[in-house]
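Scrolling down, you'll hit the structures one after another.
Paired with chain B in one complex and with chain C in the other, chain A is shared by the two complexes that follow.
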Partner chain A sequence: MESNLITEDKQKNKLEKAFEILKTMASKPSGLIGLTIVLFHVILALISPYIVPYDYKAISPNTMLLAPSAEHWFGTDSLGRDVFTRTILGGRTALTVTFFGSLIALLWGGLLGIFCGLVGGKIDDVVMRVVDAFLSIPWILAMLLIVSLLGTSTEVLIPALGFFYGKGIVRVARAATHDVIAKDFIVSARARGHSNMSIIWNEIIPNVRDAILVEGAMRWSWMLLGFSSLSFLGFGVSPPTPDWGLMISNARGLMSFAYWSVIAPIVGLSSLIIGINLTADAFAKALGIDRSTKAPV
Partner chain B sequence: MNDIIESVKNLSIGFNSQKGKQISILRNVSTNIKKGETVGIVGESGSGKSTLALAMMGYIKQGLFPLKGECLFKSEDLLKMSSRQLEKIRGRKIAMIPQNAGQALTPNLKIGYQIDEALKLHTDLNKTERDKKISELLNKVRLPSPETMAFRYPHELSGGQQQRVAVAMALAGKPDLLLLDEPTTGLDVTTQAHVLELLRFIAKDTGTSMIYVSHDLGAIAQVSDRIVVMYAGEIVLEGPARKILKEPIHPYTYGLLKSIPKLSLAGLPASMPGSQPQPGSINEGCSFYDRCNLATDNCKKNSPDLEHIKELDTNVRCFNYKELINQNNNLQTSITKKSNNSEANEVLKLKDVSISYAKQKFFDQLLNKISDQNPTVKDINIDIKKGETIALVGESGSGKSTILKSIAGLLKTKDGQIKFENDRILSSDLKMRNPNDLRAIQLIFQNPDESLNPNHTVEQILSQPLKLYFNLSGEELKKNIIDLLKKVRLGEFYMSRYPRQLSGGEKQRVAVARAFAAKPDIILCDEVTSALDVSVQAAVLNLLQQLKEDLGTTYVFVSHDLAVVRAISDRVAVLYQGRLCEIGPSQNVYKFPSHPYTEVLLGAVLEPDPDIKPKLVAEDIVEEKPPEKGCSFQGRCPRKIGDICNSEVPPWQIGENGNAIRCHINIEELASLQQ
Partner chain C sequence: MLLLILKRIGLGLITLFIVSLITFVGVEVLPGDACTTYLEREAYGAALDACIKRLGLDVPAYERYLDWASNVVRGDFGYSLSGEMPINEVLGPRVKNSLVLASVSILIGIPLAIVLGIITALWRDKLPDIMISTITIFSMTIPEFISATLLILIVAIWLGWLPGIVIIPSDATFYELLSNIILPVVAISMIMTAHMARMVRSSVIQVMASDYVQMAILKGVPYWKMVFRHVLPNALLPAINVVALTIAWLLGGVVVTEVVFNYPGLGRLVIESISNRDLPVVQALAIILASIYVGINLIADLMTLMLNPRLKSLQIRK
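Up next, the complex of A and B:
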């Protein structure tokens, strides 16, 4: 009822709109908590190279498996490296890889989905069946194959993750496009003789953008988990790069007597995932898209 | 006092805005419903009529809450009852018939089962008694063969039949009060007339009180004993139906009645300026002040009370109502429109056009065989002259919108040609048309909520065609947009607004402006006024006529509303099941002799006049497919003469009035039959 009311018609610029959305997100406790966690992680990732007390790859036999103390806040691992240093640098790795990975997933998934939704017919059928086929392949196996063929550098991991997590976005973008495609303003643009590109850019994207962005935010947290799983299995970034999955994997055998070396990366990983999830939910609510009514793909 | 069944006293309902302000949707509403009486509540969208009706059964929409007042049903306040107590009243004492029965019925349960559920809940009958009652109820709502009907699913029924089932369910609990929320709005003209007739019969037969909520004064006039007119959350006029419709003494009702197009009048209806104020933006003074031509300074400062006038048995909320008494012969006037000269050249010709939705089967495609011998639209021949308004009329499924889509190039024709300017054949495929042809033919849609991109400002919306066709940019683009807005009587400040910030009429004006931006030769109007309120509809029709007279545009106007068509068109083509029945100058099509289908349509039109009752000549059956042979109207024709109607396509006959009729009955005979 209320949204229909004509109250004021101030033309808001984009920055103001973004700020308003942030404000709405932060107005609920869950959104505020999510935003705070994500912001904390992002700031930490940005400044981490300048604040870490130790070198992340400096091995020292003298300081092996020390318990947390004033010198080593989170203790040290089996090679004598400072866990605090490696944890906050690990966040930087995880955020970089998954942020750019999500961006790639969003771009190719979103655009392909919109295109398929718009053109329909045989092209749509073929593309969607191919996407379905990829969805049926266990992604972790395919990732293992790619990584063992091409190596574990971030230049390989980012596009590979982006590819595998974009498949789901294709379906969401296509469904969102189908929602708007039946509307008369699209028919009107078609009847005027606009090109497909112009219809996608002017008429469709402004109307499906929100749904795709929310989906992308959700995928980001899934990708984070996926990336850490890869590292845990030893197929993520290669040592000695600090990485949460790798740290958990290395320290899990020592959990019974050196719990500190495994707890810090676990807390980092799970808090970031929860934070992103809460933020994505608040983002969806602020944009007026309720994820709970949409079936997950 | 005993015969009052429900009384509403000083009821106000509102909500809290985001800024924490209390905004009322209903303000101080008081009314009484008597036993056995049918009360029509009429108002435009946003007038609070539905909120009032729902409150009368103790239901208040989420987000809203009662601010003050009470709803007394048999001296108990419904608004103070617990949901347990309400359960006992709803269905048994007060029942509701929803707008869209198709959505109100559970799709995967049989009709009989759903009525049985209502009976189980509201009566104490045993199984065999209930079964008897079900067929009794289905009989009462005049559904054919009630025994088999009970075993059908809702989707197997037509819209009118679904509405009848909803009536049967509502009657199951033998309610004292029936609430009808726009029960005939989504139905075809002929079906609508049938359902209204049924409701009138049931009200008489069972003595049930009814509250009939509608925006349609035509429908209200057919059923109501008393009418309540709502405006901006207030009752502005209340009294006996005949008095209200014949001698309205409130300026809003007066203007509303004037703005309804009537079959008996050729010209355009007078429009009311402005639109209804939004809740929350109502200041002191009369809420109708801005749009009223009787308004004085007193009206601006003071809000009038609902005043009872004994000699008229009417309540009116106006200081100056006396000026309207004995003014009412003016209701039957209209604005005459300029007719085009019939000498003009043809701008668009449809020659033997057939359109099929059926997909060609794969094997037929291989063998190059045409699979659909019975297409949705067949043999359409219409020549459209430059500067005329030609209307395509028919009920849903008549193919009128399909033809429009083909002209626009959105739907490929199966056969025939569309010729544009100097007999140049226009491809029915959009991609094969050259940009200039695309520019020359523009569309305006039914629902401006869907036809305007919600994420674009008015400026962006209007710049799309200007950029595409004329490559305008910068200052020139802006100047053109302002010009367009002026043309449709909107100010420059509308440029930065989003569609959601505009009223329905304003949105449609923007849509009209967008169509005219292309400087088109032909504009295709697809039910352009049917989503609008009556007073706004009149304004849009007047605007379209004005633009046409100024710019010489040709309109192809599709509508199901014969009165609207009468008001705007120069020529009318009547369609049934995708076949032309009658075509001719509009004043002649509305005169007898007519094609039997035109006769049925004209008979079913609801006029806001209690003296004009619809004539129900044909059954309200819905046919899904056109017949393969013979006359398209054979299935429902009240004047069918025999086998020839089933086997041969009727010939065209030209009447002396100039309208062409496609019927086997000789035109002179038809004329004498219809006298």
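Up next, the complex of A and C:
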């Protein structure tokens, strides 16, 4: 009974803490704007399949390259498809791919980083060398190679993005682990005879979680940038899927007279990336982590 | 000091060695070898045999790696599949073009970034800072292909000032390049400047808050003398490393920018060789781009070592 009470209390504390962090983030205009944009995009992504006025893949020669009007709010593209429909569905694609990609990146990057930081020695040296080597291959080359050999389905894209954006998290998690590893409570946990697993789970993760989450939030926006760049180059999701990068690259050739079909996805993508960035910055500040001096690696 | 430098160089070489292993193993492990991926449906009979012979795919993988690696060390990247010519000849003009683009962007970007970073730091949270910071945040978060596309839309199509895409062959002369390069340079240096200006800003702010600057203020050192004598040298030093990382990170962005502007550099070669499934060229590009990354970081490390007065005095004491 008593222990039950404690866990309940803990959970309430956690919720309260999360709420507190959100409040701090929203207290500054930039954080509030960022949160609003992200929330708007997430809601739109969740409800978009039910509210779109047209079929996103319905091709029609009668409605090619129409200017924005009451029927087609953002006009139509070169195949006669409604740009409004495709733009709001594009957000769904982008958010799904990058959300699961970031999750994978956080999991493997965070755990490997903590492990390396804890174990140290030879294993740590070798892993960090390999991570450094991966960092020095431009992400775009590696991604293109994987995608061109394995195909561009989301089942390939999500793990590939997750893998490539996780290697930076390894470093952050490792550095954060190094910071806590010498603290007394770890030493005493060792003295109590706790196993490595138990130390990682109970002592290290609660202390490095903030740093890793902040890094993950930042990675999310970079992953979105990377994913849309891939689509733009024609190596992302395949054509009928509504996707911002793909839409921009298709509409680019005709933008001298049909600029609407390129502007709509540009506004969508830019606003989401800026929103995520502002949110991540506010998140970092709310948790008291300064990452303004870090390089974008 | 010398030992430290040698150690850095050694680490860089180890990284390159691992990169070469990764790219080689990657190409090896992924389904299909260079010949079957390149020939696709025609991968049978005499054509396949000839291709396998030419690339030497009939010998074991580790022998091929040793062979390939020793050739790369001697500066020979082998044969391009689609171009049917030595990769060195394919690379030559592309490297030159990309170097021109990159160096012009860097020459504009770095001084501009330092000036903007200092201005925003000294007038922190005042109007100049708010304005410049907003612009830098925008230009560093928006993807390269969007800012490049918008530049084309506004400057080339709506205003009609400059040609929107570059239509020059890859062996164009230096002068031809320069006249075509304006928009790509603007697109690249915009993002680069934004990143570096942010870092210079936070670095200057940090130094301004340090004890020795407070001391200088209390001693009555004139403001500008203090800024130039005490703040800047200390603030720009740590920024060097970060700037190097930014430049290296932008290698990916340069690929996209070159594609948008149809600029015949290394970046477009990346896309072309991957579309053509020309794996030997892809391998060569991976090594070259990784060497650039490692090289830039090495130079930055060495510069920081040499410019850091603390390390010098450490040396003397020893």
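The definition used in the following text is that the second predicted complex is superposed on the first by the 280 of 297 C-alpha atoms of A that agree within 3 Å, B and C clash if a C-alpha of one lies under 4 Å from a C-alpha of the other, contacts with A are read in each partner's own complex, and residues count from 1 in each chain.
FYI, a residue touches a chain if its C-beta (ideal position, glycine included) is under 8 Å from a C-beta of that chain, and two chains touch if they have at least 3 such contacts.
Quick caveat, the model's predicted, so the values are computed rather than measured.
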Chain B versus chain C as contact partner of A:Ile274, first or second or both or neither: second
Which of chain B and chain C A:Leu225 touches, first, second, both or neither: second
Contact breadth on chain A, by residue count: chain C or chain B: C
Which of chain B and chain C A:Phe164 touches, first, second, both or neither: neither
Partner chain in contact with A:Trp260 - chain B first, chain C second, else both or neither: neither
Which of chain B and chain C A:Ile140 touches, first, second, both or neither: second
Set intersection of chain A contacts, chain C complex versus chain B complex: none
Chain B contact footprint on chain A (complex, rising order): 1-7, 9, 11, 183-185, 187-194, 198, 202-203, 206-207
Complex contact set, residues of chain C against chain A: 14-16, 18-19, 22-23, 26-27, 30-32, 37, 137-138, 141-146, 149-150, 152-153, 157, 195, 198-199, 201-203, 206, 238, 241-242, 245-246, 248-249, 251-252, 255-256, 259-260, 270-271, 274-275, 277, 282, 285-286, 289-290, 293-294, 297
Residues on chain A engaged by chain C in the complex (per definition of touch): 129-130, 132-142, 144-146, 148-150, 221, 225-226, 228-229, 232-233, 235, 245, 248-249, 252, 255-256, 259, 262, 266, 269-270, 273-274, 277, 292-297
Interface residues, chain B side, partner chain A - complex: 15, 17-18, 61, 63-64, 278-281, 408-410, 430, 433, 435, 438-439, 441-443, 445-447, 450-457, 460, 464-465, 468-469, 493, 496-498, 500-503, 514, 518
